[in-house]
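What follows is a set of structures for review.
Same chain, two partners: chain A is paired with chain B first, then with chain C.
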Partner chain A sequence: MSIWEYANPVKFIKTTDRMMPYLAVGAVVCLVSGLVWGFFFTPDDYRQGSTVKIIYLHVPAALMAINAWMMMLVASLVWIVRRHHVSALAARAAAPIGAVMTLIALATGAIWGQPMWGTWWVWDPRLTSFLILFLFYLGYMALWEAIENDDTAADLTSILCLVGSVFAVLSRYAVLFWNQGLHQGASLSLDKEEHVADVFSSPLYVCIAGFVLLFIALVFLRTQTEIRARRARALIARERLA
Partner chain B sequence: MMPDLGKYADAVLSSYAVSILLLVVLVALSIRRSRKMKAYLADIEERVKNG
Partner chain C sequence: MIALLMRDLRLAVRAGGGFGLGLAFFLIVTVLVPLGVGPETALLSKIAPGILWIGALLACLLSLDRIFALDFEDGSIDLLATAPLPMEGIVTVKALAHWLTTGLPLVLAAPALGVLLSLPQGGYFWIVVSLLVGTPALSVIGTFGAALTVGLKRGGLLMSLLVLPLYVPTLVFGAEVARRGGEGLVVQTPLLMLAGISCGAVALLPFASAAVLRINLR
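Up next, the complex of A and B:
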């Protein structure tokens, strides 16, 4: 059995249909338990007070914002190299999810930044690269909508995705590249000095698992929708020709 | 039951409200579009089958 079997739209829909209920239940369980644990049962931070509770939304959303683009990059490369439609449609399906994750990261970051830094926004390397990543998401979705031919749209959006990957990587490592700005380093790190205390990181891991499962479930659902939309367009075109 | 969020209550609660709202809207729109597209494709397939 090969992974390329799932490039068959029928096989993809059948397989993901079976997996989606488990992913959805897992996502809800992890998100509810992680957020309840983090919100109700963790102490305030000695420096940041109760605003530390924002970490349970901000960090998983930021993580998914970057990783959604990376997933789109892999799917786009598969499209460029192997011309599997399902992979191009999966990249298209992931874009709105990634955009919402980026928006959550930006919004919660601004709300968190106001009491901690005294400002909603600053042109800090990480914040700026995240804003650019959000604009790339919008541009990517707009490009898909603007081009009528599916294959041409997939080609051009794949190129845009390759270019945007620079900013996805940059938004992850901006803090390390430029040792300036207000944003702190990674919250979850192998470096014990940087890593948040266990009392905060345990519920954070559960929330991250919830965001990951939600992302996968939504990508499957939206890819199925894109596959059906593509088939509908093909049938209508065939009808017009007949 | 509600933890004492002190002077940062507005910031914490608005973060949760905005994030949960965005996630719920995303999930609801994804499910709605999926259902609509399934019905739309079924209609077209039926029409094509019946000539």
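Up next, the complex of A and C:
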């Protein structure tokens, strides 16, 4: 029994089908309870008023935007090393989700920034590196779409993902060097000074758990779709030959 | 490898006019900017380093699809792939040829165009240094992008989308060196970072480009 058994598409679909209800229900429960708790049962911040509550969407989305890229990186490595098709398809499935998460983080940040910083957008290091991350997602998805042969596309995009990761990290430090920026430090950290107050952080953890579950469920669902689409295409091709 | 380099250089100079195209594009961009933002000297000299860097970057980007496209069309890339040369060597030579025909002329032309943008007095030396250090990275990264999109129809637009985010760190540090140099500040840190990016890209990216090219020729 090893994890590589799940590289078998049939086994993958069967297992994820069994996990899907739990994931979906867990995601809904966590998101609804976390958001309701966060929006209605936490006090207003003494400086930011009620705008602070956008944190329950902004922080989890930003976290998942980065983690989605990380997951794609791992999946790409697995594809390059062991050539399991499910892995390549999972990386492909995660990209649009990551892009949407990046967009949510940018949009909620802008909505929060308007009343707080007095501007929708500043060229702050964190904002800029998120915008660049979004561009990386776009390029990655465009490359997948552009290449007809599936294996070639998987190979090329996984190498792009590896190179892109290095350059994404480099860009992160480059823009950090370039402008010190307005964005506050990490919201969740072991450092007490930096950490948001406990009243705000408990619902935040629930929201993060909800986003993680949602992400996993969506990736599973989209990977299944990709597998089935590829099967359907293979069937059509066989029909045509016969 | 030297023979390949000479062949690429000869092709670039004699056929297709790719040699002058990048330079002409660089000229056009720098001429258009004052027309767009107005002729105020103070404003122009403030943005001159950035404009020169962006112009150089775009000129580089414009000439990227020539690296492999022509060889791919007439099949000579397949011959090169079967030649007793490692693929890494081929892509390195290709990147070097691209730098010699595009990057180096841009470096030499930058001070002349700096005059048009009323670059500050101290800036001329540093714009040359920063471009000299930074353009090899642009060529090598661009070769990777060109190798990724070599077999594609309408690959040019996609290549821009893939390559431009990869250019971000080089652009940030390169323009920073030129800006600081122009204002007489200390340039050591960004210059070292820029050199580090160039060296790292030249050392590592040919392996990625070679792997990608092998996949595309499969």
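A few points about this structure:
Please note the rule applied: the second predicted complex is superposed on the first by the 226 of 242 C-alpha atoms of A that agree within 3 Å, B and C clash if a C-alpha of one lies under 4 Å from a C-alpha of the other, contacts with A are read in each partner's own complex, and residues count from 1 in each chain.
Quick note on the criterion: a contact is a pair of C-beta atoms (placed from the backbone, for glycine too) under 8 Å apart; a residue touches a chain by one contact, two chains touch by 3 or more.
Source: prediction; values computed, not measured.
In the superposed pair of complexes, A:Val163 makes contact with chain C only, with no contact to chain B. Of the two partner chains placed by superposition, only chain C is touched by A:Ile132; chain B is not.
The larger set of touched chain A residues comes from B, when the choice is between chain B and chain C.
Look at A:Leu204: by the touch rule set out above, it reaches neither chain B nor chain C. Contacts of A:Met72 after superposition: neither chain B nor chain C is touched.
Contact residues on chain A toward chain B in their complex (touch as defined above): 35, 39-40, 44, 49-51, 53-54, 57-58, 61, 96-97, 100, 103-104, 107-108, 111-112, 114-115, 214, 218, 221-222, 224-225, 228-229, 231-232, 235-236, 238-239. By the touch criterion stated above, chain B contacts chain A in their complex at residues 1, 3-9, 11-12, 14-16, 18-19, 22-23, 26-27, 30-31, 33-34, 37-38, 40-41, 44-45, 47-48.
By the touch rule above, chain C contacts chain A in their complex via residues 144, 148-149, 152, 155, 158, 161-162, 164-166, 168-169, 172-173, 176, 189-190, 193, 197, 205, 208, 211-212, 215-216, 218. Only residues 132, 135-136, 138-139, 142-143, 146-147, 152, 155-156, 159-160, 162-164, 167, 170-171, 173-175, 177-178 of chain A touch chain C when the two sit together in their complex.
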